[in-house]
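Here chain A shows up in two complexes: once beside chain B, once beside chain C.
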Partner chain A sequence: MKRLALFTVILAGVLFAATASEFPRLGDPDSAPSRHLSPAYIQGSLPQTHTPNFVTAVLGDYRGFDTMFETAVVFLAGMSCFFILRALRRRGLTEVYYYRHKPTGVVLAMLAPRRISPRTSCFERIDADWTPQDMVVETMCLFMVPFIQVFALYVIAHGHYSPGGGFQGGVLLAASFILVGLSRDLRTVESLLTEKTAILTAAAGVCLYAGTGLLALFFGGNFLDYGAYASFFGAAVPAARSMGILIVEIGVALTVMATLVTIYKLVSSRGTVEEGL
Partner chain B sequence: MHELLAEFGNKFHYYGYFAIMMIGLYAMIAKTNLLKKCIGLGIFQTAIMLFYVSIGAKEGAGIPILDPAVGTADPAAYANPLPHVLMLTAIVVSVATLGVALALVQNIHRDHGTLEEDEILQRLRGK
Partner chain C sequence: MDIVMYVLLGLGLLFFTGGTLGLIRLPDVYSRLHMAGKIDTMGSISLIAALFLHEIETFDMAHLLVGLKILLVLFFQFLASPTACHAMVNACLRAGLAPWVKDGQRSDP
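Moving on, here comes the complex of A and B:
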């Protein structure tokens, strides 16, 4: 089996290598991909969409359909993760919750229906494989979170003028939540962004994107033609397109953030969203 | 001979991408551990991303963001933005699909207690 695989792979590699001479050389300004559409994007971006970052203009406007469906794919991936892991019942698992008495460090194990209210301040719920955490690591990680989130908002909002946009900012926002999960525990993340909120946020992001496109029809434009909002914003057509790109990027950021946090929570806790990394 | 070498020198990076791609493909076919297959998929995707971004590169070109000092009269002054856009979305989607793959792998591990493909097949056949 391994030999057959090696043979197949080498054969495919040789076939690929045989085509290499057909590809343009590295950095060729006259290569086929750089000749036809790319100059139109580069020269049309500023006059048509008021967006100096060509990547954002192509992502949000010229290839709006593509990005919309990519966002939908991200959302669907999060939902599939949810249905694969979360919807299944846990069979024959006796649940034990562990509580640590903070002043003494004594740990209580309690069988499933019984719980200690989280409001009882001298007990804290801990994971089954809990080990004493380093205060420095935890404090520094939590200290970093607001800065990561502010930077993420900057990346989203400034995507028109500098490298950035909805996908990158959304990933940064998700990273801030995952950092909380890694330095504290999963229940802290759950209290900050519950599963329900996360999934609703993800759906809202896709709806914001598709809704922006759909609403353009009522303003007399085509689907995803943000130029139709010119009369609504009271601005010129290119400025309205720039505004539409920003709205769409916010939708993308919401979906990406919520989906990645959901996937992390489900995968790291084996679908229980109780105990995990 | 000299021309052949020059041709190879201009195209050598493609052989690197093909090598990375084939490493990923080999991992997906030959490895029996499901998690290693997922890693192989990731390596394969990395090769595709490198390939696309290299297609967009232009000699002496800057990043695809308007520089007021340069202007847009000459498109050769900016890298091709299209491959960047395609790979931007592809990276995030690859993370999301990797999440789905990990969820499936986790369910398999819960049901069979192993991630080795041959052991799982044995368990499914035998019992």
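Moving on, here comes the complex of A and C:
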């Protein structure tokens, strides 16, 4: 069996080496894709989709199927992490909850969770490996978060004109949540974006993308042909395609953000989403 | 205007040279992070400020917009880079990494 596998690998290598010399050189202007395909995209993307950045036009419109299933793959990756890493019952972990009296610094260990309101109570819940908060890092990180989120929205919306788009903007949004988690603690992130909300958001992103494609069928176009929305938006067909690209980019960003935050929570807390970084 | 730009460029390059030398040559993580902080704050900020001055030399709306974005980069770098440096040094101290001392000198606990 091993010998057969080795033979297959060597055969594939020889075939590859034999055919590699027939490939066109990188950037060869006389090769088949450079003669027909690339000029069609480069010259056609602006009149057909009203999108000056033709990378975004190719990603969101010409190759919409590919990007839709990429989004689905991101969602599936998040779901697999959830099902593999999530500790359903906290058996084996010590079920001790630590509460710190803020004025004196005395820490109480409790065998059951206590409900405290963070504003009025002088106790705060802390992690088992708690270290005193560093004021410089916490203040600066929380100061940066809104700017990062505004920049993320800019990257999502400005993908038509400059490098950017749903994947990059989604990663930036997730980074702002992770920064809160790093500078405060995991429970703050959990209160901002709970596990349930995150997974629903990730699913909603995929549904937004696929739903945009599916709705085009009811307007008389093909699947993922956003030009069919021209009558709905009251605009020309290329402008409607531009709007369609923006909508699916938002779906991609939602999925990427929620998936990354979910994975961060699971990995940093050993699957319990109780306490961690 | 040009002279200020050249002085800022030279200053930035000087800080970059010194910081890189220190990053390679200094003995322990604290002094190396000190040098990294020098590169990130003073070096980059001088270079970015020089870029800003170069950008607004032709003074119109488009150049001013780009210059404003460069100033934003400068502002956030000025805030974020010392914070990152501080966080790393803090983590090193909490992990119990002793600072390097010269032979024969007492290390301050």
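Here is the rule we go by: the second predicted complex is superposed on the first by the 228 of 277 C-alpha atoms of A that agree within 3 Å, B and C clash if a C-alpha of one lies under 4 Å from a C-alpha of the other, contacts with A are read in each partner's own complex, and residues count from 1 in each chain.
Simple rule for what comes next: contacts are C-beta pairs under 8 Å (C-beta built on N, C-alpha and C of every residue); 3 or more make two chains touch, one makes a residue touch a chain.
Source: prediction; values computed, not measured.
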Would you sort A:P146 into first (chain B), second (chain C), both or neither based on which partner it touches? neither
Which partner reaches more residues of chain A (counting touched residues only), chain B or chain C: B
Of the partners chain B and chain C, which touch A:G211 in the superposed model: first, second, both, neither? neither
Does chain B (first) or chain C (second) touch A:V136, or do both, or does neither? second
Help me check something: in the complex, which residues belonging to chain A touch chain C? 131, 134, 136-137, 140-141, 143-144, 147
Quick check on the complex: what are the chain C residues that touch chain A? 76, 79-80, 83, 86-87, 90, 94
Chain B contact footprint on chain A (complex, rising order): 1-2, 5-6, 8-10, 12-13, 16-17, 20-21, 23-29, 31, 33-34, 37-39, 41-43, 45-46, 52-55, 57-59, 63, 66-67, 70, 73-74, 77-78, 80-81, 84-85, 88, 161-163, 165, 167-168, 170-171, 256, 259-260, 263-264, 266-267, 270-271
Considering the complex alone, what residue numbers of chain B touch chain A? 7, 10-11, 13-15, 18-19, 21-22, 25-26, 29-30, 54-61, 63-66, 72, 75-76, 78, 80-85, 88-89, 91-93, 95-97, 99-100, 102-104, 106-107, 110
